[in-house]
Amino acid sequence: MKDQKYAATKTPEIRLVRRSPEYWRVTFDHPPLNIFGPEMLPQVNEIITAIETDERVKVVVFDSAVEGFFLIHLDFLAKLDDLAHFPPGPTGLHPWPEVLVRLSRTSVVSIALIRGRATGMGSEIALACDMRFASREKAILSQFEVGAGLVPGGGPMARLSRLMGRGRALEVILSADDVSGDLAERYGYVNRSLPDADLDRFVDALATRIASFDKQTIMDTKRLVNIASLPPDIEIESGWNACVASMGRPATQQRIKTLIERGFCKPAMQKIAWEISWDAEHR
Amino acid sequence: MKDQKYAATKTPEIRLVRRSPEYWRVTFDHPPLNIFGPEMLPQVNEIITAIETDERVKVVVFDSAVEGFFLIHLDFLAKLDDLAHFPPGPTGLHPWPEVLVRLSRTSVVSIALIRGRATGMGSEIALACDMRFASREKAILSQFEVGAGLVPGGGPMARLSRLMGRGRALEVILSADDVSGDLAERYGYVNRSLPDADLDRFVDALATRIASFDKQTIMDTKRLVNIASLPPDIEIESGWNACVASMGRPATQQRIKTLIERGFCKPAMQKIAWEISWDAEHR
Amino acid sequence: MKDQKYAATKTPEIRLVRRSPEYWRVTFDHPPLNIFGPEMLPQVNEIITAIETDERVKVVVFDSAVEGFFLIHLDFLAKLDDLAHFPPGPTGLHPWPEVLVRLSRTSVVSIALIRGRATGMGSEIALACDMRFASREKAILSQFEVGAGLVPGGGPMARLSRLMGRGRALEVILSADDVSGDLAERYGYVNRSLPDADLDRFVDALATRIASFDKQTIMDTKRLVNIASLPPDIEIESGWNACVASMGRPATQQRIKTLIERGFCKPAMQKIAWEISWDAEHR
């Protein structure tokens, strides 16, 4: 465990920094797009394990070092099979839904500080955090997957439905469209959107404050909120299974191919929402 | 099935238009008040059946052709017994709660475009849709029933509680008062309220976009949102039973009679909320 | 029962006034801080019993007669043991969680009119009410307990999670910070915040309106909203048990002692949030 924990701090794409023994930061740093590739999954697993097993940490903030991107979806230029065929984690779930479930259930408080795009897996890890604060000007959230023929695999059906209600969750997921920082706050996708200039200070003050409280009290309190608010794990598992099934369908493969031809997952790509406007071809 | 499907398009009060094989519109057109009468129930049933059984349709938008009214509550000038004694639908439920349950559960995406009054049954059908978009200036939503001595019969206790939380749901239902487009958005009664001039274009673009996506992916995604967000059918059934029981009580009959004397269900009636101010007589 | 009912109206700290047989007001009047002390618990119990057993009352508004305070947390200068060792109520629960559960479940509609601070137990009683309306300028809500090393004991983990979603509930409870009237509305902590000058008139009109409706219809409607929205009682019970456990821990005793040295529970104390900034000592 100890080894894994420190290994995590050495990886280039995800950095773990201990601001204090009680307050950690996890920073996604994979320029130019902060795109999630299969090789990052073991790193996330190591960090979640470190969070679960450390005796002092109380708060972890997840943020990004890459301008314009919090963390975006799966790298479709990598082999998708690499991701789909990862060995399962300790609970038997595939490691992607598993790290998300474990992040939500750990007694440590997790906060996503969202600046830039948080799409697909980036949105899913933000949703698995306990709280989300976004830049009003610079955050863009989305679950774009349905536009690419994919069922989202990291639980947004379960989590967004409970955060923002059925109607808005269906809109966000089925429209597969960009959600601005302002709309994200109105819909409850994030706790609040703050002026970009205030965001870092606000999140740091909140994390520092919580880190000053009693760890046992935080743990007992969060556990009771979990009972009232977390989806059953089976819903996350079912979502992942539906995602894997959708990946294998020829219609989905064709959509992803077309997206890649249009520049999906390449540096020039800035606006996924536009990329998945299928209107011309598919009506 | 085929016959029923096309029969629906011939009825005068509810029109089904296929904008494309994937994208349909259902338009309430029963001037001057777009009031829901018992004779419209079989038409709604036929349309829901068509939606459920068509192999290509992905999105259905519900709107109105009548100025000032999306769809309003039951016509109390018609025989209430006609409605209460309809034979049950295939699941054994009374056909009104049953069409609402089926609309929510079908794999087709339903969107209510709300301009004018959506009260009582009009609000209930909007709530059974997957999403709701309202005119900021011209939409008025309400569940006025409690003011008339009736428990609402189409599930708003189950649905509003999950959409907007207990406190706001109790306010909307127990106050029996009008909710403006602006407040409807703040409370989560609708996804968003848009400037009236933008509403049609917005909903059409959203419906067109979703209609361009993969039907199987939409279906699998919506099914998982259903699991996370739909009330159990028994809650809708219990609400209907409580509604029928309330209809039979003398106190309710007296309230409805008084309302009708004041102009309820007649063309001049514009503001239900005012009509059910009982203060003068009942305190 | 009759005796208990009238006894409640004679107590100095909580006043029950019948505006009409159908519409009652309960006013907290315990200057200077409207702080909840153990001696008030039997008074609350009597009032809840009166509400449960009266045959005509339909609506009860809870408000305050003390400038600046709706009702605040437990008086830590009193003996905490007095509160922890109260004999259980009729259901076997400790009387504090029990009166809250009973208030939520009674068929009478309860409305909190919040002006000034509603913290700790004041927030919990407001959350047990069916609706909450706050002064935009003068209301401050909080669950400060975690900052004092305490798990909140009156159910906010269960109730806030369902009212505002997991992310915002965790922020409110774990930050232990003040929530303004404006933010309280955006988060769904209250139904609405109104300009202070409009608040009394608005709540009075709403209460009068509901009081004019049919009692049986209100009862049947609220019962169905309860099914859709109330937490299971066991969640409230577990929260109370976690609170009692946290009271006994030395770390918590030390935090409370430090708070009291800083002026906690004394008249000069205006801003709890500031009092529980532990940063200096605990990092």
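Note that the chains take the letters A, B and C in the order they are written out, and that residue 1 is the start of every chain.
Throughout what follows, contacts are C-beta pairs under 8 Å (C-beta built on N, C-alpha and C of every residue); 3 or more make two chains touch, one makes a residue touch a chain.
Model, not experiment: these values are computed from the prediction.
> Is the contact between chain A and chain B built from the same residue numbers on each copy (over half shared) or from different ones (under half shared)?
different
> Quick one: superpose chain A on chain C by CA and send over the rotation angle as a multiple of 5°.
The best-fit rotation has an angle of 120 degrees.
> Report the inter-centroid distance (CA atoms only) between chain A and chain B in whole Å.
The separation of the two C-alpha centroids amounts to 36 Å.
> Multi-chain contacts in chain B: which residues touch at least two other chains?
162, 164
> Can you check the complex and tell me which residues of chain C touch chain A?
For this pair, the touching residues of chain C are 146-147, 149-152, 157-158, 161-162, 164-171, 173-177, 186, 231, 235, 238-239, 242, 245-246, 249, 251-252, 255, 277-279, 282-283.
> Can you name the residues of chain B that touch chain A in the complex?
Chain B reaches chain A through residues 20, 22, 109, 129-132, 162-164, 185, 188, 190-192, 206, 208-214, 216-218, 220-222, 224-225, 227-230.
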